[in-house]
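Several structures are given next for inspection.
Look at the two complexes coming up: chain A is in both, with chain B in one and chain C in the other.
On to the complex of A and B.
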């Protein structure tokens, strides 16, 4: 077809740019079983490493005997802390400014802790070797409860006290006790207390956001290959932040960074589990150096749930004050944060409690104060952002529960209480009492749309009838209406306040346009299912006027991709997406000069139109981007370098603040505690929408992970520190059978500071979903006197709640 | 090693003969011995379905079967279901309806779905949700997986009708 007969609409459609539901380019390989995940990697002579793990939660190690293990056929080496110590690798730094044992150094602090690393020809031989390692333990008193830990004489970490046993300062300031890690504060204490103490109405509540785990379907793992001849180390692994991993490996191993190549192949889901650096990576690298062979380490599911990256575990105590008619005046939150044996949270360095200080939520709360105390216990380290931006999930759960409790205190409808306290559209940009500047929002519009869509009044009338019927003995089922309105804070972040181990949290994109008008773009992020190869090509297609189908997106190889901080905390679109747009604009600027030269007019006389530059006022005179690309390589243009490439490192001026309004309708069988989610409506505002199909998929997935956390998923310990939920038998992952159909909806409030107005969406449904499911359960019992009950709301706990409320007669 | 025994398994139509320890799990035989890496490992305890294959006409979790138990049997993995030139309607439908994200569950999911549609060519949504409950997906929330299976069923039924 001749170009001229194509309409402008067709030209736009051909690009498959922003706003269209482009089908994913990743899917062909995955649906045919041709993905390339880390465990699919097979190298010549590759060995397999696996850990001897501690059965005890707290114990001294008096002896490790590896002799018998070394006799096991196929076993080549057994590493212990003694072997790593001369290299200075028996401990490693955590992302939170603490340090962590790579292999047990004289003692263990949690069940499942890495004690020795057995290297063998295959995983069966490694398993046999593990059986043969003899470790002698001397059990110590176990501290599982953070409150008891803060009272106990038992010193969990000898490195927290000086020679007189006095607690020394930690990475984030003074310790008040030897098992205390830090105190972190935001807001104004005295003014907040004054407001609350003199308020007309005050609601108080303590809630526990239980420990859980991101549990991606693929566990963590790596393959390390040290090429001693060239001095090059290649490390493949399930890394959500490959560049940061390269820097960390360089810093702790002493291998120069240019001699390390980190590659993240296809990743089978991350959800925060794959951000941190784990002992398995370090041991694989050392084992490869020692044996001269490639070494693979892959966690099994039990290792995964017990040791790498728990999430949450926050005890939150809140006070919220208001006037008699419901205008909120102040908020106080105290958190006791259980970090386990090492503080290995994956938060920006200056935020030891992540962005918990977004806990004033979507409301115009004039005074607030937050205080977080981190505590060591005998549990696994972690504290990662499970499908969430650095503790936002905890913050949103806290405020959305406090609102419900305040509504009970005021005897008010919780939807109305939210409405009268929302930050108003005209107040944006809005500076919250705890410091953040919300970039944009239109909460009232979203809320009204949501309530109307579900016929909120009708639902309340139905609920009232149900309560009457229940009291009259006509039904044993109650109905809960769960509400939540959340504001996320994502896109970390501005280098001025966000860094990890001193690395600024910018991100990057590098574009090369090929002579025939196709392109490759490389980014500092890495997809784990988000579909970057599809969506980033769409951003670029709209920016540079070449079809998305002609643009390859590549991520995850530190030798080829520009430096970036990786994919988590919904930062890819806000940061790397912005870098992509900015790099695209650099391409366009050069293309404009080339077009003007070709069209023999001044630079200012041409303008960009979809896929071409046209002479202003004479649209029949144009050069397509394809023609311009070719000219960039085949003509000597005075004053312009050949080629068409650009790179952008984007340091965002602010975070982005996606928001949303969710409603859940649930029936609960009072006699069995069984819940039935009848309806779930999710309205998301993530600013400009790049690919509606992908957004909807993210919302479905995030809501399902929220359902899991709210209704049953937890990492539970017994008094002795044994993990009670270490397999998928006990750790709840919903199947198709438990999950409802979701109704999705949206409003669009573009971010004013983001080049394309996008805000990120991957985590919103999880952040907003957890309180929504939980509020539905609690709302069902509100009429019977329930104020608050802790998650996870599994059938047994719901039954207990009903029983305690006297509903079983 | 002396504990190795001789086995013969037909995988995706190709007969494979090898020596292995009887305790080897079939999933490792496939993935590491035969380099068939489509089926994945998510738990090794029969809960997640990432390792689902078809053995003698039944859906089986390959992490729960010793190689010794698979001796003499016919195994189909995602690689045997459809490739570049002969994509199975399910493979198309999963792409069309965004039935996957990270793709890790997908081979097991599609392999299971082929059996489900053989057992029941016209499943209701409930039957799909029940019939797929042995396969866990952490990314999609299942809604689009259900949609994909419904679409493939419709396409397969239409093709069957046209052929009759």
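On to the complex of A and C.
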């Protein structure tokens, strides 16, 4: 047999299993323009729907006249809230336990809000129809600032107050004001305050993590097709969680779930933007039901930036206490969270501020207290986790800034302050003051490796020289050394505490091995560019001994894929990846019995070896997985069912906690505010590494989005609630030109509870990158008295910092 | 982002263009590369029922260089400018500036004529052409007119060109001396936070003549004669440069936008002009 002449190493290599930098199988179609995105879907008789949107941030709607629009050639219908009300669809539930207008019900709460849905024969007629809809608005006082909103007599949401105008309880408890959504607490208030109030050293800082947007290259959209003959609704869309969308559609439409098929085709990036349910989906479904024809809705770029799912917008006030020699004793964080006009945050139900309570970071902080107040304003709803697990970017930014501020207070090196406060290797599993149990970590090793790689001491010496030269008038450029050490919390999550709308956050994999030794595996997740078809096949290759190239991975069709909660929060590898490994192990268990039968030995007398089962102690006697697969279909084996299939639903016992150490070296032109990133070093520990090349790609992408957010990307409003950054002219999306060279590195600390020890990586670089870039800017000015300045660090804001520090003479 | 319906014309000659313009007046607009007009139409901020594409009109894409002058057809793209070695030798500031406009994809389509004719204060070429003392040739029903770039711009999107005239070429006296186009922008593809075009002639260690123009710091490009005057006769030392900057700051009138407040823009304008003068002087 040919197999016998190749070595074991060659057999391992042939599988292209875990640890192999296998080229992405998706790229053949993506690089040739052969992807199939939602807007590529064209169906016979398909109509196109689009929205009349509010030009005002807060206004009463006194009249909507659709007569002229209905005269526009090609326009078939114009839906308003009045049309949806009899169906109970003029409002819809949000993922955060609030509800949201599908179409403006008497008023609008943010600029760009959906007012009417024009259905036409094509998108051109729809655009003309939109122009012809006449809406009369009566402007109301606009509340943009959450602090002013909490003081204002203006009631943004009449549905949140009773007939006497008193605020009623919300989904997460009592409201303290009619524009207040919830208060969420973690940790121990009084003990924390006692520790801080009696501490030797306390540092306080208020920071604003500005509103931004995930801005995937492909905007949101869908095609709804109601087949009135068989009663089945098919919904293609840019969904990060297709099964959850199916259940939500069923719950709000009353269509039985088996009659709904949701398909996520190729998705051009999500980053959290495509987790939630949007009015466009509901209106397309209704329009298809009304017209009996397929209806497509696709956002344009401005719609996307202005209306679907912003991220961040957290005002964070912190106090951190320490001993004189730098041992941290307590942490207090208060957040005022601006949620816009509706609370549409995409978080597990019991966590209205996501996992913000990971804000003790990578440090052994004995006492901590967090409180978050959610507030309504006249801004777009959202609050999604932009390339991070739920609110983890905010949490890590907060603690990594507080560490820097404390270092200033202590007059201590910030790298050293981190080192003396890291959770120690032997403390894992570590239960943090705010409740999470960190599964594993080795922070000191990672930190030392990172600092050595960049020659940290040398960088500080160079910086000191630069400061001297600057003061002597020899240069106008300052040098910043940005540090960050982050711990992510990903892989939501254990069903006991993680659900979305009551749906437990497990995930799934179903495998079918074909007779000739190839396979298809289907998962409850959906790739948006992460490369699942590549990496999940590698997990299986290692688990079941068939080459990755012989394994098809399929996701996104709810009629064929097993139920799962989708892809976001770095949960695919921690949850669906675990399900894949577990399903693979079921395959292997059955294969072992078949192999034993074929080899005429007891089950326990064979063992798995790369791509085969061998008789223990007699490696020349074996059956390859390919042979076993065929046997499963052509042999009548006593006591064993024919076929070779398995399914696994995996409920993770804990979250996973990837971590990393990043260093950024930046030069700053004090006179123009222009930054030049000279060096960026990123060490990631994501546990077991499935595909190093894919990991590196993920790190590059996440760092680039971190650079964007830290240095300029924002959704800004003027006082009237007009969006000032609604196009890519003003909304910063970096190109290759703005992006530095990244140096990647790693340590490997496997997750002890994950079947293959993997932790997830897609979001780590964003979580760790934002504070690293920001700290570099702030560090450059530390010697001149800067304590903290808010992001985004675009040219004029950096210039302003320099100006206020008196550096312009 | 879908424009209102419009008629699309693609005439083969200028007579065809002019007759459509005459017929439809304000309702017709010519389009060169389309990078300014098409987004405005898609945003429905520009209503153009009759759109005249100049692509097929012959004779608008030539670059001619003589001993004294350079002539650039209105449909010459920024890419073509960058790619033209003779032009790079005759007026190197054109290549230096063009490389700072948008990105390669835009420069394959964006034209000199569209850039200078539209009157967008963010465009780089108007200030550049003022610095180079270019003359624009426009043609209308009554024939050709020649308008100096320094007299062309009246306000944002308002120029000396009549609605029924088409800008056909740009003529530049062949520049001499040192040059620099210095631009600060937030990212590739952005308009300038501040930009400066500088040409300086050096004779016997002092500045014999100079031209300075600033971009995106007023509702028109700013040709700052007083800034240039501050350099002439000097050795372009620190005092002279500071005087030029002070003079320039008296001429510009920036407004606040997402790039920053007025004080910042003025400060950056000064820094950018200083760098442009220093680089131009080093090349003079």
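Note that in this section the second predicted complex is superposed on the first by the 808 of 809 C-alpha atoms of A that agree within 3 Å, B and C clash if a C-alpha of one lies under 4 Å from a C-alpha of the other, contacts with A are read in each partner's own complex, and residues count from 1 in each chain.
Just so it is clear, a residue touches a chain if its C-beta (ideal position, glycine included) is under 8 Å from a C-beta of that chain, and two chains touch if they have at least 3 such contacts.
Values in this document were obtained by computation on a predicted structure and should not be read as measured data.
Once the two structures are overlaid, the count of chain A residues touched is higher for B than for its counterpart among chain B and chain C.
In the superposition on chain A, contact is made by A:732 with chain C only, not with chain B. When both complexes are overlaid on chain A, the residue A:325 reaches neither chain B nor chain C. Once the two complexes are overlaid on the shared chain, A:672 sits against chain C while remaining clear of chain B.
Applying the stated contact rule after C-alpha superposition, one finds that A:437 touches neither chain B nor chain C. In the superposed model, A:300 lies in contact with both chain B and chain C. In the superposed model, A:712 makes contact with chain C only, not with chain B. When the two complexes are overlaid on their common chain A, residue A:124 makes contact with chain B and with chain C alike.
Judged by the touch definition given at the top, the superposed model places A:30 against chain B, while chain C stays out of reach.
In the three-chain superposition model, chain A touches both chain B and chain C at residues 123-124, 300-301, 728-729, 735, 737. By the touch criterion given at the top, residues 123-124, 127-128, 131, 300-302, 671-674, 712, 716, 724-725, 728-730, 732, 734-735, 737-738, 794-796, 799-800, 803, 808 of chain A touch chain C in their complex.
Those residues of chain B that touch chain A in the complex are listed here as 1, 21, 23-24, 28, 31-32, 35, 37-45, 47-48, 50, 77-79, 82-84, 87, 90-92, 94-96, 98, 100-107, 110, 128-130, 132-146.
If you check the complex, the residues on chain A that touch chain B are 23-24, 26-35, 37, 39-40, 42, 73, 122-124, 215-219, 266-269, 271, 300-301, 528-531, 693-694, 696-697, 700-705, 727-729, 733, 735-737, 739, 741-742.
The part of chain C that touches chain A in the complex is made up of residues 1-2, 4-5, 44, 103, 184, 186-191, 193, 258-261, 263-264, 267-268, 271-272.
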